[in-house]
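In the two assemblies presented below, subunit A is common to both, partnered first by subunit B and then by subunit C.
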Partner chain A sequence: MLRLYKTELSSRLLLGTAQYPSPAILADSIKASGTEIITVSLRREMAGRKSGDRFWSLVRSLGTHILPNTAGCHTLKEAVLTAQMARDVFATDWIKLEVIGNHDTLQPDVFALVEAARILSDDGFKVFPYTTDDLVVAERLLDVGCEVLMPWCAPIGSALGPLNLYALRSLRGHFPEVPMIIDAGLGRPSHAAMVMELGFDAVLLNTAVAKAADPVAMAGAFALATQAGRAAYRAGMLEPRDVAVPSTPVIGKAVFAQ
Partner chain B sequence: MKLFVNGEPHDVAAQSLDALLRELEFEGEWLATAVNGELVRSPDRWACRLNDGDRVEILTPRQGG
Partner chain C sequence: MDVLVRGAGVAGLAAAHELASRGAHVTVLDPLTSGRASWYAGGMLAPYCERESADQVVVDLGLRAADWWDAALPGSVIRNGTLVLAPARDVREVDRFGSRTSGYEVVKEEAIAALEPDLAGRFRRGLFFEGEAHLDPRHVLISLAARLATAGVSFETDLSHSAAGSFDWIIDCTGYFAADEDIRGVRGEMLILRTPDISLSRPVRLVHPRFPAYVVPREDNTFMVGATMIESDSHGPITARSMMELLNAVYSLHPAFGEAEVIETGAGVRPAYPDNLPRVVREGHTISINGLYRHGFLLAPAMAMRAADMIFQTRSESP
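Our next item is the complex of A and B:
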């Protein structure tokens, strides 16, 4: 059972709601993934449109937990205000905290991130920080009150998969009790299985599902891979070795010729 | 009074944030509001007096990753 800020969850897959071909495919993908947490954002409303109401009605009908984000915020002040506005609308103190520091890589500004996490944690928010795989930044985020970490494994939407296995192993090894969700950069189900095999607690997906040729089928594939990776981690995997070792017993093998 | 609403200039008669939402037909049930970079929670909109040049943000739930 996954436990995030005292909320217990069966699914270890979190799903973003952006970029799907249609609202129906979004809804079916959410169902196929088995996710219990979906991410949403806040954007400007247009007069007379009630566009947010339609999306929000669809999302609420699916019965999952809601994790609002601060996507697109580039400053501490923007991120904190967006989090406050999200809490007012979504009536949750969960916030996926993003403070972007670089336009090309969407790499988080970890200095502003830590400060925003401190301000929001002090204000009662349960912060899910989108961070890099940097060990020291992770420690600072825990120091200021975060109880969950969401490191990237590659830039958002890149589909590159885990780029720095050393850093990910290091993070996992240093904070074995902290729930950690790989937040960005996963492209294929095998990537999800790989980070779950490393012992990460969950994965957060969006682009890899939404932009697949068949998002609903891909949501199901990621669900299976996430479960397989977790099961493998718990089962204890064989360490790689450089020499061949026969799996069939050698003793008792017939000798046919000399 | 001239205000900036979601980045666009508007000439409005409304004196409060609550009245502004009605005047500009922001009718959605699920709105978050801020004036000059400060959150204004929905129960406080009626008491939020607006001034010339104020910057108002009106946000609503959207898809997000």
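Our next item is the complex of A and C:
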């Protein structure tokens, strides 16, 4: 069971809701993934008063937890304001906090992130911070009240998969009790399996599913990979060895001359 | 047979034309003076390119659109294909686009220069969809309405309730304004630029992971630049952010666009069903054509033919 701010979940896959070919395909992908948490972006869709109502009622009707995000926010102030709006709109104190530091790579501005996380945690939010794999930043985020971390494994939408295994292992090793969701950079199911094998608690996907040729089938594939990675982590994997170790004994075997 | 077509956007006019050409007596009712999504359309007849994000149905239904429009309004369709390009840094997006689509050839620097001399030396790699076409939506909407009026179709802005009841069939083509709970709005923002410093012969699509955009050349050195896709029903003016993204895209296509005049900015709301595919639904003697989404000019002919088939088949079946 995955526990995020006292909410228990059985699925370890979170799904973003942007860039799907249609709301119908989004809905089917959510079902195929078995996800219990979807992230939604407040910024553009909410411009205007009743705008996007039908899209949101479609999304809401799926019955998953909604994790609003502050995607596209570049400053502390913007992110805090967006979080407050999201709390009103979606009636939840969960917020996936993103503060973008670079317009091009969408790399998080970790300085503003820590400060925003402090303000929002003090204000009663349950903050899910989107961060890099930096250990010290992770520590600061925990210090200011975050109980969940969402480190990237590669830049958003890059589909590169885990780039720095050392940093990810080190993060996991230093904070064994903190729920950590790998957010951003996953491209294919094997990437999801890989980070789950490292002991991360969940993965968040968007582009890798939404932009697949068949998003619904890909959502299912990621669900299986996530489960497989988790199961393997719990089962305890064999560490790689430099020498071959046959699984059947060779001593005492009959040897036939050629 | 008397048919009332509600709505004089692209769906309504295409239906009116199809029905009138099959011998129906058609009245078009539209109280709107603005707010039609098709007025802000790009006018690309690009079924192959649309496959990048749309279902195969859109390709199948859209393949005959260019011929239909050319027959309806001879000379309105320009068959120069579509060019798909990406800046050097995002060139892999071109391959991604290609992996989702068909009906193109990969073009290198020389071929791009031959197709669009003003873009020579700016792009190394692209896709050329030779079988695609485009038209000017505003020219087509105005000319088709005029042509239909000449051919005996009457256009009304208001009709009494009793008069509306006297028709054999009603075709509802009111798009976003229809009373259909499944229809949602998808906002699209666009710009019209004017510059004599650059000319293009065909629509150019710039693929980008976050800000895809297209430029469609029109008459008098003007260019339509579009279009955002926002889950919103807002008809309000274009936002600064959207304008910035569109201008950025077009500037990356050619810096000469930096000196262009901004003739117009606009925003339309596309009517869409949850699957983003169109529907023709019959209920009694009313047929509704809706959900054309971002494929108005591409799919209106197929939808008009489907509605006309419903009407004329029903008539031939009745005793």
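We take it that the second predicted complex is superposed on the first by the 247 of 258 C-alpha atoms of A that agree within 3 Å, B and C clash if a C-alpha of one lies under 4 Å from a C-alpha of the other, contacts with A are read in each partner's own complex, and residues count from 1 in each chain.
Here, a residue touches a chain if its C-beta (ideal position, glycine included) is under 8 Å from a C-beta of that chain, and two chains touch if they have at least 3 such contacts.
Quick caveat: nothing in here was measured; it's all calculated off a predicted structure.
Q: Which partner does A:21 reach: the first (subunit B), the second (subunit C), both, or neither?
A: Second partner only.
Q: In the superposed arrangement, does A:123 touch subunit B (first), subunit C (second), both or neither?
A: neither
Q: Residues of subunit A touched by subunit B versus by subunit C: which partner has the larger set?
A: B
Q: Report for A:143: first if it touches subunit B alone, second if subunit C alone, otherwise both or neither.
A: A:143 sits against neither subunit B nor subunit C.
Q: Where does A:90 make contact in the superposed view: on subunit B (first), on subunit C (second), on both, or on neither?
A: Only subunit B is touched by A:90; subunit C is not.
Q: Based on the superposed arrangement, let me know which partner A:71 touches: subunit B (first), subunit C (second), both, or neither?
A: first
Q: Taking the superposition on A as described, I'd like to know which of subunit B and subunit C A:55 touches: first, second, both or neither.
A: Both partners, subunit B and subunit C.
Q: Report, in rising order, the residues of subunit A that make contact with subunit B in one complex and with subunit C in the other.
A: 44-45, 47-48, 50-53, 55, 207
Q: Would you mind writing out the residues of subunit A in touch with subunit C in their complex?
A: 21-25, 27, 44-48, 50-55, 58, 157, 207, 211, 213
Q: Taking the touch rule as given, give the residues of subunit C at its contact with subunit A in the complex, in rising order.
A: Touch residues, subunit C against subunit A: 53-55, 96, 99-100, 183-185, 187, 209-210, 230-234, 236, 239, 241, 272-277.
Q: In the complex, go through subunit A and note every residue touching subunit B.
A: Within the complex, subunit A touches subunit B at residues 16-20, 26, 39-45, 47-53, 55-56, 59, 68-69, 71, 77, 81, 84-86, 88-90, 156, 206-207.
Q: Using the touch definition up top, name the residues of subunit B that touch subunit A in the complex.
A: That would be residues 6-7, 24-34, 37-39, 41-42, 57-65 of subunit B.
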